[in-house]
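Look for subunit A in each of the two complexes below; its partner is subunit B in the first and subunit C in the second.
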Partner chain A sequence: MFSYCTDPDTLDTVRWFSCFLTNGVHLSFYMSFLKVLVLLLVTAPVALAVGFAGAMATRATLPPLRWLGEGYIAIMRGVPDIAFFLFFVIALDQAFEWTRHQILCPDWTDPIRQGNDFLVCPDAKLPLGRAAEWVHQTYSFFLAVVTFAIVFGAFAANVLRGGMRAVPHAQLETAAAYGMSRRQTFWRILVPQMWIYALPGLSNLWLILIKATPLLFLLGIEDIVYWAREIGGTKTSKFTDYPHGDWRMWYFLFLLVFYLSFTRISEILLERLTVRLSHGQATTGGEALRKEAAA
Partner chain B sequence: MKSCIDTIQDYGLRAIGIGERLLPRSDFTLCEQFTLIGSGMIWNIYFGLMALVTGYFLAVTLALGKSASNPWARKPAEWFIFIFRGSPLFIQFFFAYFFFLSLKKSYPMFDMLTSAWAGALIVLFMNTAAYSAEIFYGALRTIPKGDVEAADAYGMSGWPRFRRIVWPTMMRLAWPAYTNEAIFLFHATTLVFFSAFPAWQQRGDALYYASYFADKTFNPFVPYPILAFYFILLTLAVVGVFGVINTRLNRHLPAERRPKMRLRPNLMR
Partner chain C sequence: MKKLILTTAALALTAGMAMADTVRMGTEGAYPPYNFINDKGEVDGFERELGDELCKRAGLTCEWVKNDWDSIIPNLVSGNYDTIIAGMSITDERDEVIDFTQNYIPPTASSYVAASDGADLSGIVAAQTATIQAGYIAESGATLVEFATPEETIAAVRNGEADAVFADRDYLVPIVEESGGELMFVGDDVPLGGGVGMGLRESDGELRGKFDAAITSMKEDGTLNAMIKKWFGEDAAVYE
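On to the complex of A and B.
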């Protein structure tokens, strides 16, 4: 990175660290933080959408749809979340490959499950065997996003369902009295008002989502945990220009501090958002704001 | 083809090192999967139960510390709770393991801390203490003013007041949320062998064996539902036991004023 980095053996401590912390692997390490942020930014809206669909399903008039929504929420809560992470990554991959196999290779006669193997025709492989490295990485990242969205969608569905239930019933009755249809009442009255009731739960969910990001490591993605283990391990001068002892403890201490500050900043921002959304609401928070403004 | 009884004898206690040494390698039967994953549950229950029982005492202490007016008691409690609740358990496991590893290098007497049964237990103990302390702290703040005033009027103070008035009320108010915490603590125990802690001689927990089978057969549709089955049983057991305690804690209240147990998934780490 810097011009004086050509021979690290001769450097003093400060310069040695400035070179060490900007070498190739460290840049990958910093990039993986970006990966975590991208995952959060992509997953949060997707999970919210899945959750919204789930919450809508629990309010459906059609019983099977309602059972589907309620079953989805119930199952996700009873079982450890990492079990789902480990399960969905394989299951989704196999589901995609199986579907492609049925469409692309209708003439294939061999069974797909042979003993301990899962064999689909070469054209149905995901990603294709001849695909570039970045395709493989994007695909595994995509699987991770879908997995996160399914798991957190259930939590979001539960929170949104609570929010929908909390909207005062008189509001909905008034809408009905004005001759609004069920659909109109839902979209024009219920949905705009439910957010303030759902917000405490959703803020909580965001903090949980942040804290779940290290699980990316379990999904086989080269995330911050992966790099912290990789870079922090003992290195001898045989393999690198920057030999050092076992520093993994310090790398994980850094991750700990990173997550602590991230959750703290989120908490502060979410608190502000709550105040903003409370304006003009028929809740104690909204009432307090109104009195404050009047005084 | 062994009978299922044989399999249970061989692998029923495999997770704690009793029985057959080699794990099955091919042609996995349903019975083998059920037995091994069930045997792994021993670890989940061990970690969960031990952390819950030991963490309880630290949690009450921390909750009292956080509600103290003396900053020397309040600040450390606040920081402890913030650090353990604000960071992922997964990272805490990693950090603790590597911390214990370097501790062991300088002082060999800390050898046992690098094995899961002690090291991971310490992390879980502190983690659950922090989460429960926040619950107990919330309950402490909602103790009805009248209860404490009545105790004052009877001339109670200090330890007797805490022991006979504050503590039972705090427990009663915190119990539904604490039940939730217990459930999620049991779920969190599955992280142990997926962080840095090694599963010595392949003695792992339920998820360790479930993922072993999923990796070997490349079929996630059998082992993970088995795992889910065990965990749903465990969750039901926890809800049952905590429900009995909840009834006992609220036995002096009329039936309609007793708080209902409700599960909320807001305590995942």
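On to the complex of A and C.
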């Protein structure tokens, strides 16, 4: 990074650290923070959408759709995250490749499963074997988003289902009395009001999601915990210009600060959102706001 | 005519792409001097240099991929990369699941390292999960504590959680040298495994043949021995 970094052994402490903290591995470490933030920002809305679909399914009048929704919620909430992350991602990847194989290589005669090996034709591989490394990275990132969305979607579905049930029944009856159809009642009366009831549960989920990001390394994505462990580990002078002892504690301390400040910021924003959503609601929060405005 | 030229161009292009099929080399990146992440954030070490040379000799384009040790075999067989080149000793158990090339490092010794001379080697011993060393300790009668990375096994000895760590001697040597007397070798060395080889899918016989031939040629012209000496020191075991 800096011109004086060529021989770190001769540097004083401040300069040594300025070189150390800007070398290649540290830049990867800083990039991984960005990676985690992007993942959270992408995953949260996707998971919410999956959850919303799941909650809608459980309210469906068609029994098979209802069973699908309920089955999804029950299974996903019951399976431990780590087992799911180890098994599901490989299965999902193989399902994609198997489908592509059936479409792209109809003439292929070799079996796909040979003992332990899973072999599809080269054109069906995802990503293609010849693809650049960033394509592979993006693909595993995509798998991570899908996996997180499915796991957290189930929890979100349950929270949203609770939120939908909590909307006062009188509201829905009034809508019916005004001649609204089931669909209109759902979208115009139920959905706008349910968020305030779902928000505490959703905010819990968001905080858990933030802390679940270290599971990323199971998916081959180098997240902040991976780099903290890698960079913080003992380095001997044979293999690096910046030898140091076991500094993992300091790196993990830094992660602790990061996670704590991130959750704190989230809490503040969620608190504001709660106030916003309480406006005009038939809840204690909404009542308090009304009185405040009147006074 | 124009169409014909376009078709030929397209054909030439696809053929070129098929030729450039890359071999993805899976490694752990946490086991110096075999493989580690250098200051630039790239895979480096003995196996990086060896792997690049083997690919050159076999006429392959290779790309390096990092993967956690725990899931390094499942990800190979499901096709996320094509080889494992991660200081993996050739054992019968692994050979049932994947195939190995001939070894590129002769069978080497594993050693105990402890914080004091009188450490109890039948007490608590740390080793990395799913290694031949962990298997050996489990059968030796000592209490085995497993860790996901080699780094953690060393840390366990430093903080007193384990009486000793059992690992490849080559990995331990630089750590003991730089510990300033805090850590030391104890007990006798134990020869384990059938040397270190590259792991490939059992169905990938063709690729294995190419790497085998490249390793043979490096053994014959002495470049492999020179490379071992460069990374593991003058005293390292080499091929005759």
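The rule is simple: the second predicted complex is superposed on the first by the 295 of 295 C-alpha atoms of A that agree within 3 Å, B and C clash if a C-alpha of one lies under 4 Å from a C-alpha of the other, contacts with A are read in each partner's own complex, and residues count from 1 in each chain.
Quick note on the criterion: a contact is a pair of C-beta atoms (placed from the backbone, for glycine too) under 8 Å apart; a residue touches a chain by one contact, two chains touch by 3 or more.
As the structure is a prediction and not an experimental result, all values here were calculated from the model.
S.K.: Using the superposition on subunit A, tell me whether subunit B and subunit C clash or fit.
M.R.: clash
S.K.: Give one of first, second, both or neither to describe whether A:37 is in contact with subunit B, with subunit C, with both, or with none.
M.R.: A:37 sits against neither subunit B nor subunit C.
S.K.: Looking at the overlay, what does A:170 touch: subunit B (first), subunit C (second), both, or neither?
M.R.: Neither partner.
S.K.: Between subunit B and subunit C, whom does A:265 touch in the aligned arrangement: first, second, both, or neither?
M.R.: Neither partner.
S.K.: May I ask you to decide whether A:86 touches subunit B, subunit C, both, or neither, giving the answer as first, second, both or neither?
M.R.: A:86: touches subunit B and subunit C.
S.K.: Which of the two partners, first being subunit B and second being subunit C, lies in contact with A:208: first, second, both, or neither?
M.R.: First partner only.
S.K.: Return first, second, both or neither, reflecting whether A:246 touches subunit B, subunit C, both chains, or no partner chain.
M.R.: both
S.K.: Tell me the contact category for A:255 with respect to subunit B and subunit C: first, second, both or neither.
M.R.: first
S.K.: For A:122, is the partner it touches subunit B (first), subunit C (second), both, or none of the two (neither)?
M.R.: Second partner only.
S.K.: One more residue to check, A:103. First (subunit B), second (subunit C), both or neither?
M.R.: neither
S.K.: Between 117-125, 153-161 or 207-215, which subunit C stretch has C-alpha clashes with subunit B?
M.R.: 153-161
S.K.: List the residues of subunit A that touch subunit B in one complex and subunit C in the other.
M.R.: In subunit A, residues 86, 90, 94, 115-118, 217-218, 229, 246, 248 are touched by subunit B and also by subunit C.
S.K.: Quick check on the complex: what are the subunit B residues that touch subunit A?
M.R.: These residues of subunit B touch subunit A: 26, 82-83, 86-92, 94-95, 98-99, 101-102, 187-188, 190-191, 194, 196, 207, 210-211, 214, 216-221, 224, 227-228, 231-232, 235, 263-266, 268-269.
S.K.: Can you list the subunit C residues touching subunit A in their complex?
M.R.: 17-18, 20-22, 24, 29-30, 32-33, 36-42, 44-45, 63, 65-68, 71, 74-75, 77-80, 82, 97-98, 149, 151, 154-155, 158, 174-175, 177-178, 201-203
S.K.: Report the residues of subunit A in contact with subunit C in the complex, numbered from low to high.
M.R.: Counting only subunit A, the residues touching subunit C are 23-25, 27-28, 86, 90, 93-94, 97, 114-120, 122, 125, 129-130, 133, 136, 217-218, 220, 222, 229-230, 233-234, 236-243, 246, 248.
S.K.: Spell out the part of subunit A that touches subunit B in their complex, as residue ranges.
M.R.: 75-83, 86-87, 90-91, 94, 113, 115-118, 154-155, 158, 201, 204-205, 208, 210-215, 217-218, 225, 228-229, 232, 246, 248-249, 252-253, 255-256, 259-260, 263-264
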